[in-house]
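The structure under discussion appears below in the form of C-alpha cells.
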Amino acid sequence: MIKITEKAIDVQKVIDTASSLGAGAVNVFIGTVRNTAHQKNVVWLEYEAYEAMAVAEIRKVIDEAAAKWGLLGWAVSHRIGTLKPGEVAVVVAVSAPHRKESFDACQYIIDNVKAKAPIWKKEVFEDGEEWVDARPMATAHDN
Amino acid sequence: MIKITEKAIDVQKVIDTASSLGAGAVNVFIGTVRNTAHQKNVVWLEYEAYEAMAVAEIRKVIDEAAAKWGLLGWAVSHRIGTLKPGEVAVVVAVSAPHRKESFDACQYIIDNVKAKAPIWKKEVFEDGEEWVDARPMATAHDN
Amino acid sequence: MKCTIKAFGITKDILGGREVNFEMDGNKVGDLRNALHGRFPEIKSLNSLFIAVNNNYADDSHLLNETDEIALIPPVSGG
Amino acid sequence: MKCTIKAFGITKDILGGREVNFEMDGNKVGDLRNALHGRFPEIKSLNSLFIAVNNNYADDSHLLNETDEIALIPPVSGG
C-alpha cells in the first residue's frame, strides 16, 4: 500500500497492512512534526505532493528494497496538507523474516523516499514561513 | 515503560508512550511469532521470564541507548505465556530528534534485550517441543 | 515550443501559480531550464531544480513534446 | 552451603522444578556450577549456563550467601 493522504494516518493500520504470518520482524518508522526548527517554534507545517509522481517514486524505492531484503510485506503512508506539531507526517512499515533485514529495508525506504519523492514542506513560524531546504541559506536539518 | 505481560500487547500504546513532541522520528520494532521454524509448523510458543531480572537487564540496555543516542522517549513491552503464530511477542519503540538515531537506538535495544534479558521461548510443534537455542544441535535461527 | 508547466513548493511561489503556460526556444529539458532562468532569475538561488517529464526525472538532453506533463521539482523535503 | 536455586527454561526441566533446594561444598558461584554438573550432567550439554545472583549475572569467583537469590540462566531466547 502506498498512500498520499490529507487525513490523519492510522499507524496501526499501516503496520497491519505490512505484517505477514511468515515474518518474525516488523520495523516501523514514524516521522512526526517537531515543535521547533532553527530554534524557533513551529506553529504548523504545510505539506504538498506531486501525487502521481510521488507514488511512482515511492514504488520504485519499495521494489528495490523488497528485492534486496526479501520483504514479506510493506506499506508507506504520507500525509499532506496542514500538520501541527506532534502529528504524524509519514509512516513506513516493513516485515521480513529476520530483524536485521527489517531495520535495513525500512531505513533504506525512508531515506530514499525523503530524497526522491516529490513532496515538499513549508514551516510556518510565528514571524514568517519557509520552504524547507529550498535555498542554501537555510540551516540544514532533517528528521 | 518496561513491561513484561501475559496480556496481548497494544502496539499503539507502546508507540504513544515512546513519543515526544520534540522528536521528529520514532522507530518501532515488533517481533512476531512466525508460523514455521526448522521447516516445521509452529503450533504455539511458550514464553517465560525471570521477571525482576528481565526488567533490570532491559533497563540497563535502555539507559545505555538513551545516553548514546539522546533518546527523547522509549518503551519496551515483552509478552510471556502462550503465543500463537502472528501474535506480537515484543515491541521496542524509541523517539529521537533525527531518524538515524532512532533506527540505531532501536536496533541496539532489541539486539541487546534478546542477548541479555532472561526470557526463554519453547517452540511447540505438532510432533514435539524444544527450548529455542538451548542446545548446540538446534539449528541456529533468529528473528 | 509551447508547454504547460506544473510548479510545486517554492517554484509555485516563484512562477506565481500551480500551472503556468510557457513559450521557449528549443525543445529540450535544458532549453526549458535556460528559459526559466532567464524569465525567473530567482530559480538560480535554489539548492537544486529537477525537471520531471511524465512523472519521471528527466535530464537536460531529454526531448520534450507538447503533450508531455512537465513539472518543476525544487529540493524535496517530505517525511 | 545450602541454597535455593530458581531454574528457568530448559534448566527447570533438567532440575525438575522451578525452585530447588541444593547443598554443596564451597560457597562460590563456580562451586555451585561444579556441583550442578555433578548432579545434573545434562547441564553440560547446554550452549551456555549463566548464574545470576540477586538479579545480576555473576562470575564463578562471586561469593554466595545463604540469603542470596540464585537463578540458573540457560541460553536466553526472548524477542
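For the reader, a short list of remarks on this structure follows.
First chain written, first letter: the chains are A, B, C and D, and each begins at residue 1.
As a convention for this text, a residue touches a chain if its C-beta (ideal position, glycine included) is under 8 Å from a C-beta of that chain, and two chains touch if they have at least 3 such contacts.
Since we're looking at a predicted model, the values are computed, not measured.
If you take subunit B and subunit C together, the chains in touch with both are A. Averaging Cα coordinates per chain places subunit A and subunit D 48 Å apart.
Centres computed as Cα averages put subunit A at a distance of 24 Å from subunit B. In whole angstrom, the spacing between the mean C-alpha positions of subunit C and subunit D is 72. The residues of subunit C that reach two or more other chains are 79, listed in rising order. Contact of a single residue of subunit B with at least two other chains is seen at positions 31, 99, 110, 143.
A list of each chain pair in contact follows: A-B, A-C, B-D. Against subunit D, in their complex, subunit B makes its touches with residues 31, 47-50, 52-54, 56, 78, 89-90, 110, 113-122, 131-136, 143.
Partner subunit B is touched in their complex by these residues of subunit A: 11-12, 15, 19, 21-36, 85-86, 95, 97-100, 102-103, 106-107, 110-111, 142-143. By the touch criterion given at the top, residues 6, 8-10, 13, 45-47, 52, 55-56, 71, 73-79 of subunit D touch subunit B in their complex.
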